[in-house]
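Written below as C-alpha cells is the structure these notes are about.
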C-alpha cells in the first residue's frame, strides 16, 4: 500500500493521469508529432546508454546469461500459449496480432519500473536492458509462424518474410537499444560522463513528458474499451498478471536479485504498442489494429505502471523475504 | 498543354512504399507525396496521433497518361483491398515544361 | 470505376471539426485531412507560424456521389460565410476496392 | 535605469531582440512548428511544477487568498472598462475581442518577470502561479457576456456556449497550469528533485529559446502596426500602464510583498496571445484576429518585458521604500 | 456555383516564394500552400530529409478563372524550366461564399 | 593512433556510425523534421554563446585579428583554386557550386573538433567561433563572381544579386552565430551561468543526437557515391587534406596555438552542407545539388570527423613539437 502510494505520488505517473484526464475532458492538450517521437527516441537512447555503461561495470557473468535465456524463454512462451487462448474466441489474424503484442515488451513500462527501483534505492543488473532488447522480437516471429501453420492454405496471400524479419529484428526500437547498449559499453566512464547531463540527469523529466503524452493518447482510446467486449478486457489484465506471476516464479527458482526479478516480471507483463503493431499491420493487415493497440495502450500499460509495478514488487518482497 | 490523368491515392503510411513500387513499375515520370494525412474510412479513424505509423495516412499523386493511369488502377486495387485506402483518377492539363 | 465528386475544403484549423460534423451528418463514406496548410485569401495571410491555430489552415477532402456533394456544399456555405475558407467540387473516377 | 539595463542585458531578452532583428532583416531564421509549441508547453509545465512545489512550502494562508481574490477582481474589471473605451472607436466584435485579450494574461511575460526577480534575488509567493492561472479565463467569459448584451438582436447567430466555456476554462494553458500546480504540490521535495534537472535547471535556457521565437513572430507582425492607427497603438501601451498602476495601488493598499506586487502588476498589464485569440476566433469570428494578436504580440508583449517589468519594479521600490 | 480552374504547382520549397509572386502579380483572390511535400521527378528524389530545403518540395494551388489560369501557366513555365517542378490545371466548381 | 581511438571512442562519433549503419541496413530509424533543425539551431546557439562568452574574457587582441584575417584569406582562396581544378572536368555551374561548397565551412565539424579538444584538455581562443562565422559567406560571393565572369554572355539569365547576397550574409547560420556571439559577449558571467545548464552542460548530448541524425542522412546518400565517378570522390578527400595542410602551414608560420591551429585547419578542410547548398540552389539552379551535397555530407564530413580531426592534430603535434 505504501509502495503503491510511493509509486503513484511521483511526477511521471501523475503526469500520466493528467494526460488521461486532459483527453477525457476533451481539452485540446496534445504533443503534436514529432515530439512524442523525440521523447521515445530519447528514452530508448538514454536507457540503452545507461544499460551499456552499467554492463561495462558488471560485465556479462553466468548470472547475466541465465537472465537473458529466461527472458527469451518467456518471450517465446507467452505468444504461444496466449495464441491458443485467443484462437477460441476470434479469427486467426487477430489472435496472432494480440498474441504477438503481449509476447513482446513495452520499453516505457520497463523505464517506469527502473525509475521506481531508483526511487526506493533498489539495485538491478546492467544486463536487464539487454534482456529487454532480446524480448522485443521473438513474439513477432512466433506469431507469424503460427499464422503460416494455421492459416487455411487456399488464401495464402504470401507474407513477405524478408520485410517481416527486418521489422522484427531491425525495427528502430531494437536497433537503437542494441546500438546504444554497445556504445554505452565501450565509451566507459569518461564517455558516459560527457553525455550524462542530457541522457542521465534529464531522464525523469523526459519520462514525465512522455507519460503525459501517453496519458493523452490512452485517454483518446478510452471509449473504445467498452466496445471491446468482456473477454478482451479481462485478457488485457489477467494475462499480464499471469505472465508476471510465472516470471516471478522463475525468478525465484533461478535466484534472481529483487531488482532483476521486478524488471523481469514487468517485461513479461508488459505489451508492445510500437514495434509489434507496426510489424503486424505490415504482415497481418487482416487484423484490426484498434483492438490490439487499445488493449495494450489503454488497459495493460496503465495497469502495469499504476498497479502492476508496486504489486509485483510487493509479492517479490514477500517471496524473497 | 497536354491532357493527362491525375491519380491520387490515400493509404496508411506503412504501405506507401508499396504504392511507390507500383507507380515506378508502371514507369511514371514522377510523383508527389504528402506524408502526414489523417482521415476516416471503413477502417475507422486514422488520427495520426499514435507513436506508431499504424494510424497515420499518407497522400500521394502522380500525373501520367491515361494508359498508365488505368494500369496503375488495376495494379493498386488488390493492395487497397487488402490494407485499405482509396484511389481516384481525374483529368488535368499538364503545363509541359 | 465509379463516377464521383471530390469535395475539397480549406478552412482555419480551429473550425475543421465543424466541417467534419457536416461531412458525417451527410453520411460520407470517409474523408482525408491534411492538418497544416498555409494560405492567403480575403481574410489575409494565414502563415501558420503563430503559437495559436488562429492563423493556420487545414485542408480536407471527401469523395462522394453528386447528391451528397451538393448537400454538403449547401450545408457548408454559411460556415464559410461566417469564418472564411473555400470549398470546391470536381469530377473524379473512384477506383472502387 | 540600472535595473532596466540589468533586465535587458540577460540572455532571454537579448534573444528576443535577436529574433526581432532576424525577421526585420527577413532572414529565413525560424522555429518550425511544433518547436514553439514544445517550448511553451515546457514553460507552462515548469512554472506550474515550481509554483506547486513552492506552494507546498508556503501553503495557502490568508495572504494568498487575498492575492488570489484581487487577481480575479482585476481579471474581471479590465475587460469591462476597456470594452467601453474600445466601443467608442470600433464595432462590438473587435471591441469584445480586444477587451478579452487585455483582460487575460501572458504566461511568458509572467515567466520573464519571475526570472527578473530571481536575477535580483527578490522573493515572491508560491501562490502567484495560482493567481496567474485564475486570471486566464474570466476575461473570455466577461467578453462574451458583453457581446450577448450589446449585440443587436436581429443577427444573433448564436454562440455555442458549451464550446466557449470549455475554451475558457479547459484550454490547454489553463489545464496544464492547474494540473502541474497540483502535481508540484503533492510530489514534495523528493518528487521535485527528480524532475528539477529538466524543469528547474533548464528553465532560463528554454525561456531564451522561446523568446527568440517570440521575437521572430513579433517581427513578422511589426509592419502591421502602422496600418493599425494611432488609437490602437496608444491603447496597446497606455492600457497596460494603467492596469499596472491600478494593480500596484491595490498591491500597496493590501500590503503585498514587493515580489508579489511586481508579478501582480505584470499579470494585469500583460495581454493574452494564445488562449484568448483561440477562444475569440471560435466565438467571435467577426472580429479581426490580426488586430488583437498584433496588438498583444507585437506591441504590449515587447513593451512589458523590456520597459514594463523594470519600470513597474522601480515604482514599487519607491512606493514600498 | 461558379466554374473555375484549379492551378496546382509542385516546386522545391526554396522557390515557392517565386510562385507566390507570380500568382499575386496575376491577381488571384487567394492560394493555399502545403509546405512539406516529398516526391520524385526528372531531378531525382526529393526526400525532404535534409538539413536544407534543397531537397524538399512544396505544393501550392489556387482557384481562379480560366483567363488568369492561362496567364499563370505562361508566367510559370520559364521558372519550372529553370528550377524544375510541375504545374497542372483542372476544372472545378467554386462553392461561392 | 591513440588519439584516433580516443576520437572515435566517444559517444558523438559512435552515434554517427550507428546512424550510418541504421540507414545502410534500411531500418526505419529517423529523426523527422523539425527535430534535426532543433538540434542544429541548438548547436549554433550554444557554440555562439560559449564563443562570445570566451571572447569576453580573452578579448580581441592582435593575435585574434591575425587569426580572423587568415580565416577570411583561406575562405576566399579555396573556392578560387578549386574552381579552376573543377572546371577542367565539368560545366561551369557545377564547378561553381562545388567550389563554393568547399570554400565555406561545416559548423558541426568545427563543433566536433571543439569537443575533441575539450576531451584532450587542449585550449583554444574564443575568437575561433568568430573565425568560423567569417568563413561561411565569402565562398558564396566568390563563386557567383566566378560564374558571372566565365558564363557565356548569351544565356545570362541574370542572378538576383540582392537575394544572393542576403543568402550569403544573412542566412540563418551566419545570423545566429553572429547574434549569439554578441549576446554571449555582453551578458558576462552571470548571464552565461543562467543559461549554461541548457547551452553548456547538454552540449555533448545534443552533439551526439545530431551526429546520429547526420549518420542516418549520410547513409542514405551512401549509394550515390559510386555513381559519382573517381574524380569527385578523390576531390572530396584530397581537397580537404590539401586545405588542412595549407592552413596548418599558415598556422605554424603565424604562430597559432595548437588548439587554434587544429580548429583553423578543420574549418578550412570542412565543406558546407546547409548554408551553401541553399544559396547555390537559388542562384545556380543549373548545378546538381545531389552532387555537391553528397560530396560534402557523405564523404568529406565523415572523413573529417573520423580521420581528419585526429590526423590534423597529430601533424600539428609533430610540427609544434
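Couple of notes before you dig in:
As written, the chains take the letters A, B, C, D, E and F, and residue 1 is the first residue of each chain.
The rule is simple: a contact is a pair of C-beta atoms (placed from the backbone, for glycine too) under 8 Å apart; a residue touches a chain by one contact, two chains touch by 3 or more.
Here the structure is a predicted model, which is why all the values come from computation and not from measurement.
Both chain C and chain D are touched by no common chain.
Shared contact partners of chain A and chain F, listed by label: D. If you compare A-B with B-C, the chain pair joined by more contacting C-beta pairs is B-C. The most distant chain from chain A, with centres taken as the mean of CA atoms, is E.
Where chain B touches chain E, under half of the residue numbers in use are shared by the two copies, so each contributes mostly different positions.
When each chain is reduced to the average of its Cα atoms, F sits farthest from chain C. Centroids of chain A and chain C (each the mean of its C-alpha atoms) stand 40 Å apart.
Our note on geometry: chain B versus chain D, Cα centroid distance of 46 Å, whole angstroms. Chain centres here are Cα means. That of chain E falls 34 Å from that of chain F.
The set of chain B residues touching two or more other chains comprises 34, 36, 48, 90-91. In chain F, the residues touching two or more other chains are 30, 33-34, 37, 197, 202. If each chain is drawn as a node and touching chains are joined, the picture fits none of the line, ring, star or complete shapes.
If you check each pair of chains against the touch rule, the ones that pass are A-B, A-D, A-F, B-C, B-E, C-D, C-E, D-F, E-F.
The residues of chain A lying in touch with chain B in their complex are 30, 33, 36-37, 40, 157, 217, 220, 273-274, 277-278, 281-282, 285-286, 289-290, 293. Of all the residues in chain B, the ones that touch chain A in their complex are 12, 14-15, 36, 44, 47-55, 82-84. Contacts from chain F toward chain D in the complex involve residues 33-34, 37-38, 41, 45, 49, 166, 170-172, 175-176, 179-180, 183, 186-188, 190-192, 194-195, 197-199, 202.
Residue ranges on chain E touching chain B, taken from their complex, read 8, 10, 34, 36-42, 48, 57, 59, 73, 76-77, 80-81, 85-91. Taken in their complex, chain B has these residues touching chain E: 1, 4, 6, 29-36, 63, 90-95, 97.
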